[in-house]
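Down below is the structure, laid out as structure tokens.
Chain naming follows the written order as A, B, C, D, E and F, and within any one chain the residues start at number 1.
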Amino acid sequence: MRTEGRLTNQLRPVKIMLNTNKYAEGSVWIEMGDTKVLCTATVEDRVPPFMKGQGKGWINAEYSMLPRATQTRNQRESARGKLTGRTMEIQRLIGRALRSIVDLQALGERTITIDCDVIQADGGTRTTSITGAFVAMALAIHKLSQNVQFARYPIRDYLASVSVGVIQEKVLLDLNYEEDSKAKVDMNVVMTGSGKFVEVQGTGEDAPFSRNELNALLEYAEAGIQSLIVHQKETLGEIGKRIGAV
Amino acid sequence: MRTEGRLTNQLRPVKIMLNTNKYAEGSVWIEMGDTKVLCTATVEDRVPPFMKGQGKGWINAEYSMLPRATQTRNQRESARGKLTGRTMEIQRLIGRALRSIVDLQALGERTITIDCDVIQADGGTRTTSITGAFVAMALAIHKLSQNVQFARYPIRDYLASVSVGVIQEKVLLDLNYEEDSKAKVDMNVVMTGSGKFVEVQGTGEDAPFSRNELNALLEYAEAGIQSLIVHQKETLGEIGKRIGAV
Amino acid sequence: MRTEGRLTNQLRPVKIMLNTNKYAEGSVWIEMGDTKVLCTATVEDRVPPFMKGQGKGWINAEYSMLPRATQTRNQRESARGKLTGRTMEIQRLIGRALRSIVDLQALGERTITIDCDVIQADGGTRTTSITGAFVAMALAIHKLSQNVQFARYPIRDYLASVSVGVIQEKVLLDLNYEEDSKAKVDMNVVMTGSGKFVEVQGTGEDAPFSRNELNALLEYAEAGIQSLIVHQKETLGEIGKRIGAV
Amino acid sequence: MRTEGRLTNQLRPVKIMLNTNKYAEGSVWIEMGDTKVLCTATVEDRVPPFMKGQGKGWINAEYSMLPRATQTRNQRESARGKLTGRTMEIQRLIGRALRSIVDLQALGERTITIDCDVIQADGGTRTTSITGAFVAMALAIHKLSQNVQFARYPIRDYLASVSVGVIQEKVLLDLNYEEDSKAKVDMNVVMTGSGKFVEVQGTGEDAPFSRNELNALLEYAEAGIQSLIVHQKETLGEIGKRIGAV
Amino acid sequence: MRTEGRLTNQLRPVKIMLNTNKYAEGSVWIEMGDTKVLCTATVEDRVPPFMKGQGKGWINAEYSMLPRATQTRNQRESARGKLTGRTMEIQRLIGRALRSIVDLQALGERTITIDCDVIQADGGTRTTSITGAFVAMALAIHKLSQNVQFARYPIRDYLASVSVGVIQEKVLLDLNYEEDSKAKVDMNVVMTGSGKFVEVQGTGEDAPFSRNELNALLEYAEAGIQSLIVHQKETLGEIGKRIGAV
Amino acid sequence: MRTEGRLTNQLRPVKIMLNTNKYAEGSVWIEMGDTKVLCTATVEDRVPPFMKGQGKGWINAEYSMLPRATQTRNQRESARGKLTGRTMEIQRLIGRALRSIVDLQALGERTITIDCDVIQADGGTRTTSITGAFVAMALAIHKLSQNVQFARYPIRDYLASVSVGVIQEKVLLDLNYEEDSKAKVDMNVVMTGSGKFVEVQGTGEDAPFSRNELNALLEYAEAGIQSLIVHQKETLGEIGKRIGAV
């Protein structure tokens, strides 16, 4: 049995609060159960050196956990003097996922940096970050659209992410920390509003998995992500209207 | 005129919320106007190498700002690969200030690490961190006292901090960011509940200051700090009763 | 048309040479077309700190490319002073994949470190590294088995990996560098000799992909990996006989 | 009783030797008792990036101790790979203090870097560094004035610094290492020739201090600093004549 | 007796294979006995900042050992985050030696970077690197000469290097690892085709050496290097014809 | 003509002042013309990890230049975050040279660390450091011998070092900075009191050198070093009596 009687295919309670930071061009405080992430979007009128002169924009993400976001305190990466492999992997994933639904040409020579800072961690911090980062980016681009005349609206589709896993032969949606540490198979999926896959990352370090299990995991993930996208749409309301519009 | 008609000797609205993090032994979300800091206290049953074998405890602090806590985005210190001088200076100050009112002998061979993470910055982040860190530490030591029989209660006194400055010949209490950037003299003061000084740090980089100005600054700071300590006492209630008890 | 008339589901020529290094406990020089990787396995009679006292072993991997393995020269990570996110991601992947088919309990308190050094890169360096690393590890454990009486043979199954991708609506197996840079979807798959998935990592940064495409990619990967495992078995011969034996 | 019968308000013997380095634009070897610091001033015709295009100059300071400047050997910061918080704090202090009496507009787009290298440390290394750094800077600006026609002389006032402390209820001026390690309160004060405060940094880590103690400390510091400035004036002679001239 | 009956003044078997890397402008796989080094030469049409605007080129070298090139595994320098002193010393030596026979003026504003990666180490890795690096550089400059009209051919002379040492009063040429670790005196010599010295580095850490021993060491080295240069000439054939031509 | 009519085989004026630092177990301020180096010797009753349990001692050296020891200011290595290759090369050389005349067995499990800090640089800083470091070490071991009963005196011989070079076909002894920058061949030699070589490092980056030149260089160096050793003996007087005694 899951905590608070949650069903195998049920998400934890989701909260998405908009504009929680007074300086950022877009900001979101997102909670999935006890996992809490602050996502801020910063817009700058320049692109990184490797993108210069292409007339295209760039989306970049950074991810970090506060030292006591977790059950025991983690050393700060600033004190260690370098990022862990886990952090690098996650921030590369978030950036890649966001870029998949952005029309960089339409955005023009601008960089949007999304910072995902995990205030409290209870499983699914990378997937929650993606779901929140999308909304923070949407707010920033909407704000930008009030001053800039875009040829096409730069956001092509909605985007959200969720984790799924296998515990004792059962597929579960949206694992919390305790479940995650018991899961034999662990998968993170990112999908668009139109139901396509952007990232599928499944790992069976503790036990390789069959094609049937893979199929079941993908179905749970797909349903969970579509629920999250409904939530994003409701929260953004009017602001989200131009997303994916032709 | 100050924002919202604030008087020269008036604090910004103060909010101190207790136990906002589910894992930390003590946690506080503190706001002074638009400055917001999350302070968590972590208790560990060991001391750093240089303190070993002395039968005494240690209090340590770390300080960081989220990248978009400020008007423009700051590069993460983890990405730079090292802490800035400003961060080191602030975290040394917080640790030193807290140790001044802790009986390390009474605490025993334990380390309490206070993490001060600035969620949003609008001036006074180091003084707000100290005021909040004291409360987070008080919560952690209170919790510890429920399992450990202390010979003496390890907290000898209350502690809070505020900034003061001089703008156009006028002394002002609790500067926000805009005021801070105009101030010719800038001073941070840390005091105890019994009205003694723990730290006095005054800087006149833009204009050296006279002994009279110094006196006026100290008076404003003293009054502001005593207000903050009243606030701390009300917020802690019963939990604070043993602080400073003989 | 693919280079040298390769079919969409055809692997590049594979070469696996055993014991190419005179010092390492196991070593393999593997080539997939023009991609060349030297894999060495080092056995040490101790485990990393976080594994101590559990009676279990550990498998660790490191990955690096020589600076001129690629078309233009890359700066050495030793000169930069830190690993790139890409390198960290790859070496975490290789280690995780190998551990999935090793019985760490049976291995006992030993660490096997697999170094994968890319001598020349023409696409698929991470998947080629995994396929070669498995063989180097098998050689090292076989050698170890001549002096150590294992309760169970520590390798539970064969393991290999391949990349697949989508170019112009077509699914292709084992992409070389030129194909890889044109692919809209890119997927790396790691599977066991018994046909189970260990890692599935699909990315559609340039174009999200449908469930049908995902299915086709997995089928191509599965067939390619089974061919590689046949090759591994032939190369290892007698040495591989105890792998997966009950 | 203090070493060699020193009175509570008496400085240690002060020596300031000019031009001890053949390359630097200004250089000073300063001794306060057994504390010995070499200060060199380097003038460059450019400013750091953040100061560009403002028509103003910049003063920067660096501070370091030789590894055996102290009773036991300290690891070099170059070998550790990073500066300690203490070093950063001190060099920020020295730079800030010097800038307070320099007219950066009058200096023009030049940077003066003051290096303070502690050859031997016996307490008061940061205050001795400031007193010596001022003289080294004065030499460099005097030399510059022989080739450059300044609209106003860039040095507005003299500047010196001293430490004061409380040991067993007594206020002492200019603490040596042994006294410093016994002091309950420790204060560093920087003042100008015209008697204004530039920095006041008092710390009561071991015992908070009262307003009365603070007043007594400031009086001792003020008298000590004025003696040091007399010494600076005598040493500089004609070279110092234009300092603070209208 | 030396391994396989080698005489005191006999080189180990030498193999030099050309163009072993498909991307580099010049590449060489060189073996001296069991020491194996891959040398690649990269040509870039720019020079480092300190050489700009002089109309001259630059030759730079980097050196590294694969972690399991040696009997026990060495930690990667990329993982340590910095180069060892030994590596820096060796790559400075290789670069300096190559520059001694290159006409940088004739080369023009180009940088040639030679990467020497030790695949397997059995003594003499730095001298083998120099001998191989020369050939890789010669290939790259020859290739360049097919597109660029040089006023003078940029390579003035051949260059090779060998180690010599003293074991039990006997002088030995070209020490392998086992001999090297027993040698009381250890010397690396770099010479040109015309018999001049470019580098002489002799060390008697374990036992200072006499002038007579020094003379004997130099004679052995000279003969060994001339043999290596014969080998280089045969291997390069036509490609080497313009080297040193007036 | 050399500065101040110096002959080709004449040393610059040498000054060696003993015990110039009040804390170090041995200290020397050495000057060769305008090159000034402070050498301090620190004795510790432990050895580095790789020497543990062998009953032997260790000699280690560190070298650094103050930022304005040179004509233009150099960035501090502590600010760069890492040592340059030049510094590493020099400190390895100093340590190796000192160890060549120390009986590490006789010294017992102790480490002597010699810090060579260049206060002012005018050529020959590494050779001057070695000559001074030897004396600082001799002072420290003499002091140690007053408390420790050595089976054999741990210093086997005197040791000094000098540079030689070739300018316009002429061999010169003890080059200053200006000469050094014009020299085509540059050689550093370290020798013992009994006339044996410890290090010979000759470099002809700008022009390879013949065997005859090499011979002439060695003769000049030998004579110069023997003069320096006479100077060391006179300066040490009684303290040096046991050096090399049987």
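As a convention for this text, a contact is a pair of C-beta atoms (placed from the backbone, for glycine too) under 8 Å apart; a residue touches a chain by one contact, two chains touch by 3 or more.
Bear in mind the structure is a predicted one, so any value in this text is a computation, not a measurement.
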Chains touching both chain C and chain D: none
Distance between chain centroids, defined by C-alpha means - chain B, chain F (Å): 51
Intercentroid distance (Cα basis), chain B paired with chain A, Å: 34
Numbers and ranges of chain D residues touching at least 2 other chains: 81-83
Chains listed in ring sequence, where chain D comes first and chain F follows it: D, F, E, C, A, B
Of chain C, residues touching chain E in the complex: 21-24, 27, 34, 38, 40, 42, 44, 62, 64, 66-73, 76-83, 87, 113, 115, 117, 119-120, 122
Residue ranges of chain D in contact with chain B within the complex: 82-86, 88-89, 91-92, 96, 99-101, 157, 187, 191-192, 194, 196-211, 214, 218
